[in-house]
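For clarity, chains are labelled A, B, C, D and E in written order, and residue numbers in each chain start from 1.
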Amino acid sequence: MPVQYYIFLSIALFCIGVMGVLMRRNAIIIFMCIELMLNAVNLLLVAFSKMWADAGRVDAGSAQLFVFFIMVVAAAEVAVGLAIITMVYRNTHSVDINILNRLKN
Amino acid sequence: MYTDTVFLSATTTPFSYFPIVLQLLAALGFVGITMLATHFLGPKRKTSDKLINFESGIEQRGNARQPVAIKYFLTAILFVLFDVEVIFFYPYAVNFKSLGWEGFVAVLMFVGFFLCGFIYIVKKGALKWED
Amino acid sequence: MDWFFILEKILLISAVLVLSLVVAMYSTWGERKVAAWIQDRLGPNRAGPMGLLQPLADGGKLFFKEEIIPTNSNRFLFILGPSVAMMVACMTSAVIPWGDTLTIAGHPVSLQVADVNIGILFIFGVLSVGVYGIMIGGWASNNKYSLLASVRAASQIISYELPMGLALIALLMLTGTLSLKEIVEQQRHDYWNVVYQPLGFFIFLVTAFAETNRAPFDLPEAENELNGGYHLEYSSMKLGFYLFAEYINMFVSSALMATMYFGGYAFPGMDSLGVSPNLLTILGFLALFVKILVFIFFFMWVRWTVPRFRYDQLMRLGWRVMIPLALANMLITGAVVLARQH
Amino acid sequence: MLTVLLILIPFIAGLIAFGLKGSGPKVLGMIASLASVATAIGTVCTLHADPKKLSFVTNWIPQLGSQFRVGLDGMGTMLCLLTAIAFLLVFITIYNRDIERPNSFYGLMLLSQAGLVGVFTAFDALQFYVFWELALIPVYFLCSMWGGEKRIPVTFKFFVYTFLGSLLMLVGIIYLYFQTPDHSFSWTSFTSLQLSMGDQKWLFWLFFVAFAIKMPVFPFHTWQPDTYEQSPTPVTMILSGVMVKMGLFGVLRWLVPVLPEGAAMWTDVAIVLSIIGIIYASCIAMVQSDLKRLIAYSSIAHIGLMSAAIFAHNEQGTQGVLLQMFNHGINIIGLWIIVEVIQNRLGVKNMDQMGGIARKAPRMAIFLVIISLANIGLPLTNGFIGEFLMFSGLFQYNHWFMAFAGLGIILAAVYTLNMIQKVIFGEGNTLTDTTTDLQPGETVALSLVVIMIFVLGVYPQPMLDLVSKVF
Amino acid sequence: MNALISTALSGVVLMFVGLFVRNKQHIKFYAIAAIIISFIANLALYPTVQLGSYIQFGMIEVSKFSVLFNAVALGATLIYFLLSGKEFEKVGEHVGDYFALIFFILAGITLASSFSNLLMLFLAIEIMSIPQYVLAGADRKSLKSNEASLKYFLMGAFSTGILLMGITLIYGAAGTFNIAELGLGADPVHPLALCGIILMAFALAFKVSAVPFHFWTPDVYDGSPTVFTSFMATVVKAGGFVAFLRMFHVAFAGGAVSHHWTLILSIITAATLILGNFSAVFQQSVKRMLAYSSIAQAGFMLFAVIAVNQFATQGIILYAAAYSLATIGVFAVLMKLKDYTFEGFNGLARKQPLLALATTIFLFSLAGIPVTAGFFAKYFVLSAAIQHGHLLWLVIVGVLCAAISVYYYFRVIMAMYFKQGDPEVEPISGGFRAALVLTIILVLVLGLCPSLLIGWL
């Protein structure tokens, strides 16, 4: 399959993620949208890796290694993020980010 | 470099996954049909008592979906962390013969950090279920 | 696209699915027989000779039972839960090599649904979806016992996934491939992997017990604490799916263990028998089946012998014993392999 | 080295003063200012003997090509002398006053002196900027801590005005720095720049605004009357006597030589602004009943004249400005000393509540009359010669401008005489009846002022010799 | 490289120190010892890099710049530990963990100053960010802290996603992650690269809280425990800037590509300056004012990013040092007060002359008044922009904003010196005084002689 397909798919996924982050109010869903963004990036990286490998670059595999790092860092983020969301939920009994505006006062 | 791996030079095409798709369809069909079949086959004599939750005959109180103990969340979070650390071993394991002792030492270091985190959470009491 | 290929695969898939279901059904019968034998009883003996028709009766019963969906539950998720569990159980068998190739009418037919180069990763990935089935079911029921059981199950399964992954890595270091077919082929010409990986096999065995929620790790369905566990609210075929899924998982785990550590369809001396390749393939399949049955028997034997763990014991075993053990196994394997290489 | 000493004496004395108690600070202040005056006189002598000795150069920030480069020419020496004398006069005047927290007061005063001298001696643009700011900060604290009721917002306005102006100047300095071939801040590199007309056109404003705010020239003057009014009078003396000269000095040292074509191009605008300032300030001064504000506006008018004369761009005008810088400094300080005395005795600033002081305090009245007349520029006083030169310079440039500026003289006569009339003559009241005459310290200070008024008025030649020594 | 290893190891060590050492005072000493060791280890590389920079594993480039910047970051952290180390105990139980997290952040910063591969950039940004999410929420009982943490986390993770997309698109265009080999200068610029650069600029602007991506900053800085705000707003922000600077100076400079981002960044800079300063004017709490001031200061640091020249590199180091020292100092004083509003400072000069003097000097430095480090910091970044040639309008905007900034900084000074009041002040220890004096001296010395710092470059 041509690399364009992957690019479009990734961009579409990424945009869905971005829209989700901007429009949803539930912290967990926002969080999942962020993960979607990251995975869109992963997909694109692998596609580009293949593209450059086909173009004859010997170090094209480094993009796949990059994916591993993204996964690891994303996991670290997940760990911290889930902990934070759990903490917020235990204190406010809600994961709606609108509640945060109420906290301000 | 680490890039010349089995992952990259894999000759198998996406087509080798085709039978898996077939199996997925078959499984989906089986599950769906069975679900539908039992839905129509069984008797339907619903009463309100029958449709409430069963809690050993005691009347249900409150919502069941209460937050459970924090330990479970902690386990989940730790799993995420350690699982991705395990992921790092896979590419290494595939290539480790070509990486030789040098790579082994690097992985030893990685395992060292892994163990640091592990010992830390153990000492911190994150895995203590006894209380 | 080759129509013969598709036909062949469809047939193979059907065969595999039917085989898993049949084995699962007769495992229930076997389980009761084994239990009876261990407890010095007779076990089922009314339906058919030796009670052989008992599983059919049980299955029929499940089909015709009334389907109950509690009003408080989430209807969609309530149905989704067992479906996911069953789907996962059906999917894992896709990459297991049931035998070598048969030659039918000049066409080589592999007795493996899909020989992907990441077979182990595939199984690993599909297995981890299994926890969703339990989690969704427990959550959808909206029952305190179910929820607690599903949370327990989730914690247990993910905890044991770590040592399982590490044990597989040790195996991977030894074999250098993730393809199950290749792993089997390697063992065909060499000793079985269990010889090199006794500790790895042991870890895998223990984790397999935990992953399939079999005794002594069957806490999610501990009757005396949880009224039956995560499928407490289920009835008719949805309950059946959960139960079947468990038995199919047991079957697939046995197949996996046999494939990865005990030579799969290979048996000692098979290349010196001098019989026709097709016959050899069938013999290989039978050898694999025998191995699987042995493991299934072992599963049952353990269930009726070893008492259930306490939850804290279970978690401690998983995290504090299995993970370091698996890590050590991995490192030792690596060191030994490297040392032997030079 | 004398030049460096000129900065170091007040600086070190200032730092020490913070740590002293009781009458320590004021004694120290007196000693330091006497030493400063002595050093300043020493520099005057050295300037005549061997001007090279007054330069001092050492590396400061080699990465930037910035050097610590001080030096003195006639103008600088004159202004340093003025600074030293001004501080001496202030310290003599307030010697017997009770000041809250004298250690901070004297410390800050001395630090501001160091900053001022630094500005007048700097021959490195970056250093000039740094001292420019340093002179400002102690004054800001002085005004805000010891000033009148509305001191905080008023002083802050003063600070922000000056700070903004100086930041614009900083941009100009950096820009010029990049134009110099050797990437240096030195005055010689700056003045030897051959800038295009297009650059000079806008760079002029960056510098001019900074200096105009400091002088102040209309319309940048709005901070000044308020600040003069709200500041404690000793600080006002410094502000009006010395600090405003920073602006004029800046124009003479850094603006005209560095951007000659820019300055020539905007000359008319600058002069018109200055003259508007003269007339506007004079008019307001006429209707002013607050003594301090009156003097503040009169100061704006005088400075306006000086600024106009600078931009006339001729020998006579410039000489007049240089002379007048010193003389105006002396005169205005004299005036402020009297204001300080009146305020000390009466506790009011409004002229309507005064009157008849002459009877109670004849000595003070005489001093006031003399200094006021000098301030208008009556012949035989020091003010005359400077104003005369400035007017003739302005006349050479354009006689219409001179005519309008001359209007300022007449208006000045009006409001000054009016002030004398209101303050010392006329009917006394219960408040002024209690006035006592000058104390010895004040008498000494005012006598010094008057002596300088007459000496320089009759025999201005030494001062003319001094300022004519260009670098 | 040394700094990276030593900070990372120190983090691990402190994690365990926190487990085994019960006395919190001792943990602080361990942390201070660790930071001093890291500082020395970092400087030990200096003789080697003097001959020229070298690249390790194709991943990080050890150069004079990175060593010097690390020294600044570590030094500022040392000052921070000395001044505010005691405050850690007030946040919660896990003092050792807080110190460990700070060391991990430092490891990220050292990576940010020396990455030569986009992978390392990503890791640096993340290593810097993730511990901050935790620190922001360290006060578990406080809802404001919770809010800060969640908000920071969601925003930070979001910007990470955008950063990654940017990196990926650039990889798609260039085929390498090595920033020196990207070669994006060709004309016309590859569209993927252009999108990538813009996305990266946005993401990094997010991390350094430049307008219009700043909206999380005030709430996060306000909600986090003050002691961590102090660190997040200073050293970490400087770390973000150094990553920004390296990225744009090494990877995107030169050729046709720089025209494309110069304008975007200029607009971002102008908006940051204007909005940051004007918002700061209207704050009632000094803590919030400092949050907005950090946005405003970010505007000045962005000058260094836009202007690709020697002054910019020198400027960012000087700015990092000046800004960090001054802000850490102000925060340290702020934490000694009970009331964080401007009124809380009323009359501080009478009661605690040293605190007031220190605050005044720090605020002078922030406002950029000569003889404090802040002046030369501003001087250098403005010089960089003027040398660039096309940014004079931006410089004028910057200068006007600097004048505005005087307003809110001086409000504190006015409150301390010219207003009456009786502020509640916690008892001040001798060590704190000594550290404060040390900080004052550093600020003044850098203000008199910036060569002492940038002379190393």
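FYI, a residue touches a chain if its C-beta (ideal position, glycine included) is under 8 Å from a C-beta of that chain, and two chains touch if they have at least 3 such contacts.
For clarity, every value in this text was computed on a predicted model and none was experimentally measured.
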### Message
Following contacts chain by chain, what is the lowest number of steps it takes to reach subunit C starting at subunit A?
### Response
2
#### Entry: Chain nearest the overall C-alpha centroid of the shown protein atoms
E
### Task
Name the chain whose C-alpha centroid is most distant from the C-alpha centroid of subunit D.
C
### Task
Have a look and report which chain pair racks up the highest count of C-beta pairs in contact.
B-C
### Distance from subunit E to subunit A - Cα centre to Cα centre, in angstrom
26
### Summary
Distance between the CA centroids of subunit A and subunit D (whole Å) is 65
### Query
At what distance in angstrom does the C-alpha mean of subunit D lie from that of subunit B?
81
### Message
Please tell me the distance, in whole Å, between the geometric centres of subunit B and subunit C computed from their C-alpha atoms.
### Response
15
### Query
At which residue positions does subunit A touch at least two other chains?
59-60, 62, 65, 76, 83
### Sequence positions of subunit D contacting 2 or more other chains
none
### Touching two or more other chains - residue numbers and ranges from subunit C
none
### Query
Can you list every touching chain pair?
A-B, A-E, B-C, B-E, D-E
### Query
Inside the complex, what are the residues of subunit D that reach subunit E?
60-63, 126, 129-130, 133-134, 137, 141, 144-145, 151-152, 156, 159-160, 163-164, 167-168, 170-171, 174-175, 177-178
### Query
Any idea which subunit C residues touch subunit B in the complex?
6, 9-10, 12-14, 16-17, 62-73, 79, 83, 86-87, 90-91, 93-95, 113-117, 121-122, 139, 141-148, 151-152, 154-155, 158-159, 161-162, 165-166, 169, 172-173, 176-178, 227, 232-233, 236-238, 240-241, 311-312, 315-316, 319-320, 323-324, 327, 330-331, 334-335, 337-338, 341
## Note on the structure
Contacts from subunit A onto subunit E in the complex sit at residues 7, 14, 17-18, 21, 27, 30-31, 34, 37-38, 40-41, 44-45, 48, 51-52, 55, 57, 59-60, 62-63, 65-66, 69-70, 73, 76-77, 80-81, 83-85, 87-88, 91-92, 97, 100, 103-104
### Summary
Listed in rising order, subunit E residues that touch subunit B in their complex are 12, 15-16, 19
### Summary
As the complex stands, subunit A meets subunit B at residues 49, 53, 58-62, 64-65, 68, 71-72, 75-76, 78-79, 82-83, 86, 89-90
